[in-house]
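You will see chain A twice below: alongside chain B first, and alongside chain C after that.
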Partner chain A sequence: MEDHLQNLYEVLSKVEGYVYPNEIELNWSILIVLYPYITGLVAGAFILASLERIFKIKVLKPTYGIALLTAFSFMLVATMPLVSHLGKPLRAYEIMITPHSSSAMAIFGFVYLWYLMVVLFLEIWFDYRRDMVIWGNESKGVKRFLYKLLSLWTTDISPKAVALDDRIGYIVTVIGIPSAFLLHGYVGFIFGSIKANPWWSTVLMPVIFLFSAMVSGIALVMLIYIVLTKVRKQLIDMECLDTIAKYLFYILVIDFALEGLDQIHRIYVAEESFEALHKLVFGKLFYTLFIYQGLLGTVVPLLTLGTLQFYKPKASIRKIIYIILPVLVLMGIFFMRWNVVIGGQLFSKSFYGYTTFKTGLIGMEGYLMAATWLIIPFLILSFLLWLLPPWNKIETSHE
Partner chain B sequence: MPQHIKRLISVFAIFIVLFLVMRQVLKPSSFGKLGHFRADAIYENTLKPMHYTIADSCTKCHKSVRAEKDKGFHKRLKCEVCHGPGLKHSLFAEQFKGKELPDSLKLYKPGERKDCGVCHQKNAARIKIQFDTINTTMVHQIDLAEHNPPDLKANEPANCIDCHNPHQP
Partner chain C sequence: MNQDTTKLSRRNFFKAGTVLASGVAIASALTPYDGLLFAAESPGAKGKWYGIGIDINKCIGCGKCANACKQENNVPKDPFYFRSWVEQYTIKNDGSILVESPSGGVNGFTQSVPDNEIYKSFFVPKMCNHCAKSPCTQVCPVGATFETEEGIVLVDEKYCIGCRYCVQACPYGCRYIHPEKGTADKCTLCFHRLKHGLQPACFEICPTEARIFGDLNDPGSKLNYFLKNHNCMVVKPHLNTGSKLFYNALSPEVR
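Up next, the complex of A and B:
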């Protein structure tokens, strides 16, 4: 029986103050941080693509295809952190085949399938069909077969058919915008509806998640665009980058205002949980919240982008800024997810104690596993860019 | 309808039919029996080994201890809080009446300062109130470093149970 107590002493060394027994270990680890992060990138990238298509912001044209393929690559991997977190890969499909409207978790099957199959898949398919037919006729071997398969062995590329594709693609994008909002609002909803947790339980949560998603998605596409153009040894379209930066700035302002509003509201109403959260924020979350998310991930990009709106340094300097800023923003949004997911589990619901989050480098829930799920979407994206290069497409005006 | 739209609709139709077939084939057999979940999950949980028992099974043999405990501050604590999981002990210890218990059936006998300290070590996060009634739900907080510290020179451990009866502290 000594072992039993020895174990207890070890466990208690992770704890400060008073916590309930089921709060000592964090059940939602770094992989659950990744899940909203990746779905956020999907929603954000899609919304950037729809800016070009629906709102007819023509300068963004060079990023349209990249944004769509980025959204698709990340969407394919979005569920994987959850699957590896749950540790029952053979049962992973069950959530997809047994969706139910009574629970935010169980409705996942509907939301995911709708967004992946109906929105992203269809939009990309209609956008690329004509090009796939042409490329299929021009290429050989496996690539030819892939194009034929993906275009479903269709051959009709008459102007009428292409116009129809364009029309349907437009309708899909129109449906896609609320769907992207739904997808990421839904992820925020899961957290916001956990009423037992005062760090999560706020109706603003879906909206905050949504805007932070847009911020991260736009930053990611901006970065990918710059890197791709460099790799392809092409000229970077500065007007396009300036416009993306402008939208990034607008949405960052909204995101910052919403998160600020959430915090001010917390401070003003100062519910019974306030003292515990105050200690959490200035203690265990100090670096991740104030330094990484707040200062480096929000304030610095906000000030820089704000300055760029009325003072434009020469292109070479702007280019460097446009490489550094997305990295900062992407890091900031990652830590935003971290602060929500991990932060919400660090304090006891008794409000009298805190626990510690430790995770290893290896193992099913380790940092390497998390890094793997962040790298795989880029591999998928590289494959998709090889197969469906947006820059080789025949110009369509999307009118 | 153009050819490619027809093909696309067929692909979606195939996908939906496949999905429905998959749903029929892959859905766990006990799914939906008791609600929107796999009913066997409950059964599988019952197969996990049990470690703890109920307080009454201790009272069966240890009546006097229970009577003593019921008069003191510890009356709300289950025996297993201090003595560890006791299901095996409660089921098989009676067979060894009058004989030495095998180690696997022995329960933990806490008696050192650290044992009582698990609950009673002073902790700023625990609510401090006056301890005057036996019905209080709060835990008495003791600074183990100051309260009757062990005399290290004389090598005397000064355990809590030297002065306090743990069953009726």
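Up next, the complex of A and C:
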């Protein structure tokens, strides 16, 4: 409390121009930057998995299982930044039992549960059921119990039963694609529907969030695939990586075009807020918007990926590119979320001034807390990869 | 019997048209366009429906309203939490605009611009607009924020989860998260005083009667008299929030 006030007094001394007195405090901090970031990674990773499953892009097979488990691991954590930033975290369940029908945020719990339980959980379960039965029979001790428990003590692995698993898994994925779109488009709507804030209030926000989600999720799976294959001392499937890179390029083009359109529209119509926002992007957001998000996170990956579409250097060089690019893209999308969430609160709704973002290392809204919520999904993923290694699965054709 | 009753002859067309047109004319005569309350529209209830008027010409910037609000409602004393505050606008001769509100104006104001550089200067008291279509109520995910029948926007602090979505949604910056309670806090129009027939604290204390409080449903109320006799305007009318805080002599610089 004292720290918080001291922090606010420091921010007060850095206020430029005039902001409403209640605006000195930034209400949504780094944890709310993480929330759309993490849900975006989920939606993106899932859509990459669907490319293999539904659109039958077989060359992406090595990443299918990794993508699903990645989406699941991040999904388990997606609500945690939200809950830990609440003023009353213990009341979080109220959003589920008494949702307010006119609130864009109220539906979140349902969209989240639908996606986690109906889509991701079911798809993974049906995909792994046969393998879990087999692994359960082959293992001993706790692991045996875990597999039995996870497969709900089912034993039928006849071709007929497996075909049914596959069929249901397919249907779940078909439902999953619009659900992934809904999940992340909806997160964009939470911001886009706030008419009080001209930096957020754009009808394009859900679409921009969706495509940036795909970009980040695909980049993450690409990176995890490379790291995992290196750790397992296996050969990297370059054809698979080239194909992922191709899709990353296409979606990055759409994402860039949409964000460009949004900015061009803002500049052209130059509404009441224009001068205030203009000063914002060339001032407090200059590095995060133009350098991190724009140049390093978008333009460099776009040019590189674009070049790779018609000029292919040798595999060893492509490998290095495929390690650096996802890192750049992931950083770029992180700063895209940053620019939306933090940027949208730096200027006053009076358009007469600016406040400052300041957070400490520790505390509920500190950097360490944020880092924790980013690291935990990787720990969950490591556990899941140990328990359900996609590379030990019996080959299925997903037909 | 077999005659097609739906067939529209020219005679029937004119007949129906005349009936329809006169119907519309009569209906509009019964509910005349209310130019007075262009931003807010009464829900039509018979009871009280509160609104606020502020006469900028009368405000002297003493800041007593902001101070009284802090005391009456136990608002944290630090200068980051306000249910009511006052802004000082100074338009300089070169056209530049300076807005100031040191500590929300609770200690009054001093003019930082030399007299010979000032084109005009005025004070604008700010508070919750108790909007009829309030964005903060719309976005509350649990329904902890609500509008009472009397048109007052309140927060149920026993129910609020502290997600801060309402703080983001308010275009006027009238909400904050109470640093001790962790829930959203805002002007209640001194609901606890209204119940006892008293005026809200900020209205009661205003030495120049710049703040007028009243029932918009009562044609004889002081507020309706004020609205009829002044050119009143709400802040940010384009946002269509149904603001019920009407200012007289509101300059376009005020946002």
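The rule is simple: the second predicted complex is superposed on the first by the 378 of 399 C-alpha atoms of A that agree within 3 Å, B and C clash if a C-alpha of one lies under 4 Å from a C-alpha of the other, contacts with A are read in each partner's own complex, and residues count from 1 in each chain.
By our rule, a contact is a pair of C-beta atoms (placed from the backbone, for glycine too) under 8 Å apart; a residue touches a chain by one contact, two chains touch by 3 or more.
Model, not experiment: these values are computed from the prediction.
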item: Which of chain B and chain C A:287 touches, first, second, both or neither; value: neither
item: Touched chain A residues, chain B compared with chain C; value: C
item: Touching partner for A:125 - first (chain B), second (chain C), both, neither; value: first
item: Which superposed partner A:352 touches (first chain B, second chain C, both, neither); value: both
item: Which of chain B and chain C A:98 touches, first, second, both or neither; value: both
item: Chain B versus chain C as contact partner of A:195, first or second or both or neither; value: second
item: Partner chain in contact with A:27 - chain B first, chain C second, else both or neither; value: second
item: Chain B versus chain C as contact partner of A:367, first or second or both or neither; value: neither
item: Which superposed partner A:18 touches (first chain B, second chain C, both, neither); value: both
item: Touched partner set for A:86, first chain B, second chain C, both or neither; value: second
item: Set of chain A residues, in rising order, touched by both chain B and chain C; value: 1, 4-5, 8-9, 12, 17-18, 94, 98, 100, 102, 106, 352-353
item: Sites on chain C touched by chain A in the complex; value: 78-82, 85, 87, 97-101, 103-104, 126, 135, 137-143, 159-165, 167-177, 179-184, 239, 255
item: Touch list for chain A against partner chain B, complex; value: 1-2, 4-5, 8-9, 12, 16-18, 93-94, 97-98, 100, 102, 106, 117, 125, 129, 151-156, 160-161, 164-165, 168, 352-353
item: Residue ranges of chain B in contact with chain A within the complex; value: 2-5, 7-8, 11, 15, 19, 22-23, 26-28, 31, 36, 38, 83-85, 106-108, 110, 114-115, 118, 123-127
item: In the complex, chain A residues that touch chain C; value: 1, 4-5, 8-9, 12, 17-25, 27-28, 82, 86-88, 91-92, 94-95, 98-100, 102-106, 108, 190, 193-197, 345, 348-353
